[in-house]
Amino acid sequence: DEDQVKIALMTDLAGATADYGGQGAIEAVKMAIEDFGGTLNGKPIHADFIDHQNKPDIAVTKAREAFDSGTDMVINLSNSAAALGVMEIAQSKDKVVVVTGAGSDRITGDACSPNAVHFAFNSYSLANSPVKALAANGVNNWYLIVSDFAYGLSVEAAVTGAIESSGGTLAGSVKHPAFMASDFSSYALQAISSGAQAIGLSNSSSDTTNSIRALKEFGLGGDQQMVAFTLLINEIHGLGLDQASGLLFADGFYWDRTEQTREWSKRFYERVGKMPNMVNAGDYSGTLHYLRAVEAAGTTDAKTVLAKMREMPINDMFAENGKIREDGMMVHDMYLVQVKTPEESQYDWDYLKVLETIPAEEAFLPLDQSKCSLVNKG
Amino acid sequence: MGETVLSLTGVNGWYGESHVLHGVDLSVRRGEVVSLIGRNGAGRTTILRAIMGLLDRREGRLEIRGQDMSTTPAYRIAKAGLGYCPEERGIFASLSCEENLLLPPVTRTDGGMAMSLDEIYAMFPNLKERAHSPGTRLSGGEQQMLAIARILRTGADILLLDEISEGLAPVIVQTLSRVIQDLKARGFTILMVEQNFRFAAPLADRFFIIEHGRVVEEIAQADLAARADDIRTYLGV
Amino acid sequence: MTHILETVGLCKEFRGFRAVDDVSLRVREGDIHALIGPNGAGKTTVFNLLTKFLSPSAGRIVFDGRDITREKPAALARQGMVRSFQISATFPHLTVLENVRVALQRRHAPTYAFWLPGSVLSRLDARAMDLLEQVDMQDFAQTKAADLPYGRKRSVEIATTLAMEPRLMLLDEPTQGMGHEDVERVTQLIKRVSAGRTILMVEHNMKVVAGICDRISVLQRGALLAEGTYAEVSADPRVLEAYMGSETELEGAH
Amino acid sequence: MTEIFGVPAPVLYGQLLLGLVNGSFYALLSLGLSLIFGLLNIVNFAHGTMYMLGAFLAYLLLQPLGLGYWWAVLLVPLMAAGLGIVIERTILKRIYKLDHIYGLLVTFGLTMVIEGFVRVYFGVSGLRYAVPSSLQGMVDLGFMRLPIYRIWVIVAALGLCLITWLVIERTRLGATLRAGTENPSLVQAFGVNVPLLVTLVFGWGVGLAAFAGVLAAPLMQLTPQIGHSIIITVFGVVVIGGMGSILGSILTGLGLGLIEGLAKVYYPEASSTAIFVLMILVLLVRPHGLFGKQ
Amino acid sequence: MLNTRTLMIVLAVAALAVAPAFIYPMLIVKLLCFAIFASAFNLMLGYTGLLSFGHAMFFGSAGYALGVTMKHLGWPPELGILAGVAVAALIGFLAGSVAIRRQGIYFAMITLAISQLIYFVAMQMEWTGRDDGFHGIPRGTLFGIIDLQDDMALYGLVAACFLLALFAIHRIVTSPFGQVLTAIRENEPRAISLGYDVDRYKVLAFTLSGALSGLAGALKALALSYESLNDLHWALSGEVVMMCILGGLGTLGGPVAGAFFVILLQNFLADKVGEWLSVIIGVVFLTCILAFRKGFVGEIGDWIEKMRARKGGFTAKQEGNR
């Protein structure tokens, strides 16, 4: 029926990037609906959980089908290609998309859409802060290990930009095929022998964890630092602190940061058996924000709801005074974190030290540099 | 003549779906040379393959030295003392001549029939000369000798020989004829398939005529002359 | 008398082993020419060289006045030099008629036309039946080749070869593995189809050779040992020793 | 510092050595693949999966059972071989008489099933297997510091390759194997238990793959996909070397590791395509592979 | 016989006409695209006996070709599709010329390698959008009159192409060229000795199969307005083999049935069984290969033949008459 709210979580439920979605995402969305009260204007809130199997074309087909059968909002969309594809459809069918699982800067850049909101993180926000923070400590000579695919390159661009603007230098970089290589020793060796002060990992998922391992194996240490530009807490859990300790990265959410985050995270942990990562938290926060906007707007009409979403600030365990800009980016504080040493860690999932809070304005690309056509017009 | 060492009773055989043997009955006694003759495609090769357990499916009774081997897997049949020399010779390309010769495991030592390598080389001097060349580099005739020699080493005393004179120069066919006589003299039991009736005629004690996958006639050496007309009609000779 | 096929100093080495050694063979147009020799003499290798399934280590091959040493096998077939195989070679799941038709198709119908219906090939049927009659196979036209008895397969093969309108037919042991009846039939068939063309064949059956061959070349250890008519060759003591053996009654061997 | 085409010589040597490590994996895997192809006439698409499984089995031995690396080196190949034997007896033996594409397809199906299970039970985010304490540390080779563990990988892999090769080329069993590759039914008619031989060879081949998996386990995060990219590369190795050629597989595997190592220094973007280009080139010049027979 | 065939055709057309009323049209569009793809693949494996393990290269390249010509050059859809087909045919010709040097399993490996090569190249090209995919392909106006933005219009186009492709395959298989292909598959050395340059015929077959796969890929890209690297990935090549085998090789209906089955299974199961999907598909696939080797359509065909033979009074094939 017309005024029932139908949302769909579309993500990789079982594939290689299931940390960005999977069971955690399902539970996060369910928690949001429950916390909202389960119903909206007396009607139950309907949620579908759709597996795009990490294949953009399946995402596009299924999103089209979902929108055609009355879905109002699609959330998560791990995998940038899937996100970009679904955004186009959402625009042509006038529906809402909340991207939490993908990080491409294009989502709020040249491919931005009035129908899309980018919620949890993007490559700029992950790349920019660590570079700046290290520069302030005098670390400004970099070597980059870049995964040779769109996301890796987008991170690389953001990182190089940040290095330049903070007056650093790039000692070199090496590109590796994305998700195809399991042997990173060669890249690690090149990185270490470059003598750079910081080695940046412009890759993601298993590529990042394997890079970290290889760097450790070949004796990274002393005055050389590793910085990851896309890392989830699950991956640290998989790596173990002995491998990951000392690693610096930017994160959008850490479960053990405040009382509010802890409370929510423990509820999440009970359902999933893992602590939430920033995508999980984003899924929860995004769903909740959407539902609140629908309630406030009193309709599911996309234009009206999107306007409400932009108008209302986001205040929950994920974001304090988060705000959706006209390019679609939900800007919020980010955190520069460092992985604890095994000795520092006191209890399960006690993995990170929050070194610094990066205010929203600094964490995200300033609007005046945006490539988004929505911004230039406005 | 000795006791029956090999007998088939009501044997049916199939290649995949196609039913080729239709109730074969035959038996061979110790020390005998028996020849299966018939037209092309009559099923003679198939009978030998049936005995060796190389068909896709076989039914009926197979006895070797009085033991029922109807359900014995192929690799055990050889161990009962059978040596098989296939129609296509089956020389292994990746093995040297000598490796080919040494390939079949010695299965029976009790019968005392196993020939030593020296004895074999004495019988086939060419093989000694080419011992280290790859098997398929041998000429057709040498390959044929190798195929026979190979099964003499194993201690098998019942030999199944399929068209061993096929495609060989007359001069070699004559040599082979002598080899068979020699083997017979040593006490081997031989079941051979021959297209070349004139090669088989002086060697065999008995002949089974095969047609459409069954034995249609049995002729003893002594009756050969008398039954010449019958044979002619069966074989079109 | 013209020679349709000539080899000049043909050699083939397999990793140091000379299988064919300086063979200069000349086949006269219109003859049935036999190549005989002990096993491993190199007969099949010579055939393979002639039909380009192997390339020679040295020497030249001249067919009908043209040097064909570097020609591709298919091109050779198109020029009229066609080989039939030692092992029976038919298209097993095609009918006898289709077997012959495929051979006719290459010359007389489109072969690359993937846009035309298959029915355009039916105009070859009459010609195919004609060929089948020549080998006495007209009654089997609709039988699948796989279902034919051995000797009949040979007939199909020969009909197929004839469909190529060959000027020179190469037959490798055409009677090998055949019963007496079939040997007889195929021998007569070869004789019959030799009219107007040249045939070069390898054959161990001396009866066949004696019966229909005009000229005989004897190979031994890769080299040409003797050449001549059957009477000449069979009188040569070297041939007797290397090939035919002690039996004077030659048919006795087969 | 001397430079070779703009790369400092020590860096280059280091990369070549690392290439050799990868090459050892390729050699071990393609050897098993060749062996299986030779006797079973099956292109084992599941070979990469067996490699992955080897690594996960090692993990499984460690986590619930507490059996460490050396136990894994010993037990995992046996366990994998056992699984291989079960698969051969129950599934593969049904398809021997069919065209060999069925072998490829059945093993493709097996890949989906086995990998699916591993994914369900272990997840995808990657597990960690530590370098055994006895092999920790680095050796200073002068031009680079090489982890001891990698030296062990080269030694173990090449040692096993050598043993396998010797068995096949120099022993009676090997001769029987080679003969079985050509004409199994005839070998059977000579009294050799060929079905058993086939089963054992499959087990051995799979065991080699699993051994490679155990060797690899401490070198990377274990995800169900680790077999994917390597199997495609190994197919390439086998085609370049000549399918079924044992020595060819070993040498080509090592050679390819070295070439990849070079590519990663001079033109890293091409390191993943190098093998395919090489493969096409080789096939244009030598259609049967570098070591293949006609 | 002719009657049953006409009946089948009428039924198929009727089914295509009413289907959108019951099933989500864009899903049928996808099904049809994969059905064309699987049928094109069948032209290689089923009728020529060559297993290509790299057919995704045609499917994907055609999609990119359509994308580039329509988005950047502003070509209309009919020309975009043609461009896709042409590019796929060209790749088919080039890849075929290399791969044809080997047979059997080697052929499979080489095609796999070539398609991987194309995959990596596409992955590193700026204009493909790399793994972000090629976005925003306009659907355009067919022949300047039919606006394909309308899903039903698009469906009509795809359905028409589907029928056309099946007819084309049927025609190719029964054509004089098809006859030569059969001969080559049956006995290649003999075909050579009859003067056929078999490599050329195989390359042509590969090219045709590539072109038709390209048609499928181009249509899919047009329908989704989107093209991605997945369409070039070897997993897709594996999937199309699976479709053909499941449905039945060497039959016209088999690949269609197989494609429908696999896609529907993926479509409906994925959200329900989650992580178990690949296990389930794998088991289904294995069972089919081991138990119904001829595929659904092949097994049903056999069964019908058996029933017919029983009715007609034949008991078994004639035997023992040699």
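Here the chain labels run A, B, C, D and E in written order, and each chain numbers its own residues starting at 1.
The rule is short, and it goes like this: contacts are C-beta pairs under 8 Å (C-beta built on N, C-alpha and C of every residue); 3 or more make two chains touch, one makes a residue touch a chain.
Bear in mind that the values here come from a model prediction, so they are computed numbers and not experimental data.
A.B. asks: Quick check on the contact network: minimum steps from subunit A to subunit B?
C.D. replies: Minimum step count, subunit A to subunit B: 2.
A.B. asks: Along the graph of touching chains, what's the shortest path length in steps from subunit B to subunit C?
C.D. replies: Tracing touching chains, the least step count from subunit B to subunit C comes to 1.
A.B. asks: Can you name the chains that touch subunit A as well as subunit E?
C.D. replies: Intersection of subunit A and subunit E contact lists gives D.
A.B. asks: CA centre of subunit A versus CA centre of subunit C: separation in Å?
C.D. replies: Inter-chain centre distance comes to 75 Å.
A.B. asks: Can you give the whole-Å distance between the Cα centres of subunit B and subunit D?
C.D. replies: It comes to 43 Å between the two C-alpha centres.
A.B. asks: So, what's the distance in Å between the C-alpha centres of subunit E and subunit D?
C.D. replies: That pair's centroid distance is 33 Å.
A.B. asks: Per the centroid of Cα atoms for each chain, what is the distance between subunit A and subunit D, given in Å?
C.D. replies: About 37 Å, centre to centre.
A.B. asks: Indicate the residues of subunit A shared as contacts by at least two other chains.
C.D. replies: Correct list: 14, 148, 177.
A.B. asks: If you look at subunit B, which of its residues touch at least two other chains?
C.D. replies: Subunit B, residues with two or more chain partners: 41.
A.B. asks: Any chance you could list the residues of subunit D touching two or more other chains?
C.D. replies: Within subunit D, the residues that touch at least two other chains are 119-120, 269, 272.
A.B. asks: With touch defined as at the start, can you tell me which subunit C residues reach subunit E in the complex?
C.D. replies: 51, 72-78, 82-85, 89-94, 98, 101-103, 105-106, 109-118, 120-121, 149, 160, 164
A.B. asks: Show me the residue ranges of subunit D that touch subunit E in the complex, using the header's touch definition.
C.D. replies: 37, 43, 91, 94-95, 98, 100-102, 104-106, 108-113, 115-117, 119-120, 232, 235-236, 238-239, 243, 269, 272-273, 275-277, 279-280, 283-284, 287
A.B. asks: Which bits of subunit B are touching subunit C when the two form their complex?
C.D. replies: 38-41, 137-144, 163, 166-174, 195-198, 235-237
A.B. asks: Provide the residue numbers of subunit E that touch subunit A in the complex, in ascending order.
C.D. replies: Within the complex, subunit E touches subunit A at residues 24, 26-27, 30, 120, 123-124, 129-133, 135-136, 220, 224-226, 228-231, 266-267, 270-271, 274-275, 277-278.
A.B. asks: Using the touch definition up top, name the residues of subunit E that touch subunit C in the complex.
C.D. replies: Per the touch definition, subunit E meets subunit C at residues 171-172, 174-180, 182-183, 186-187, 189-198, 201, 204, 208, 322.
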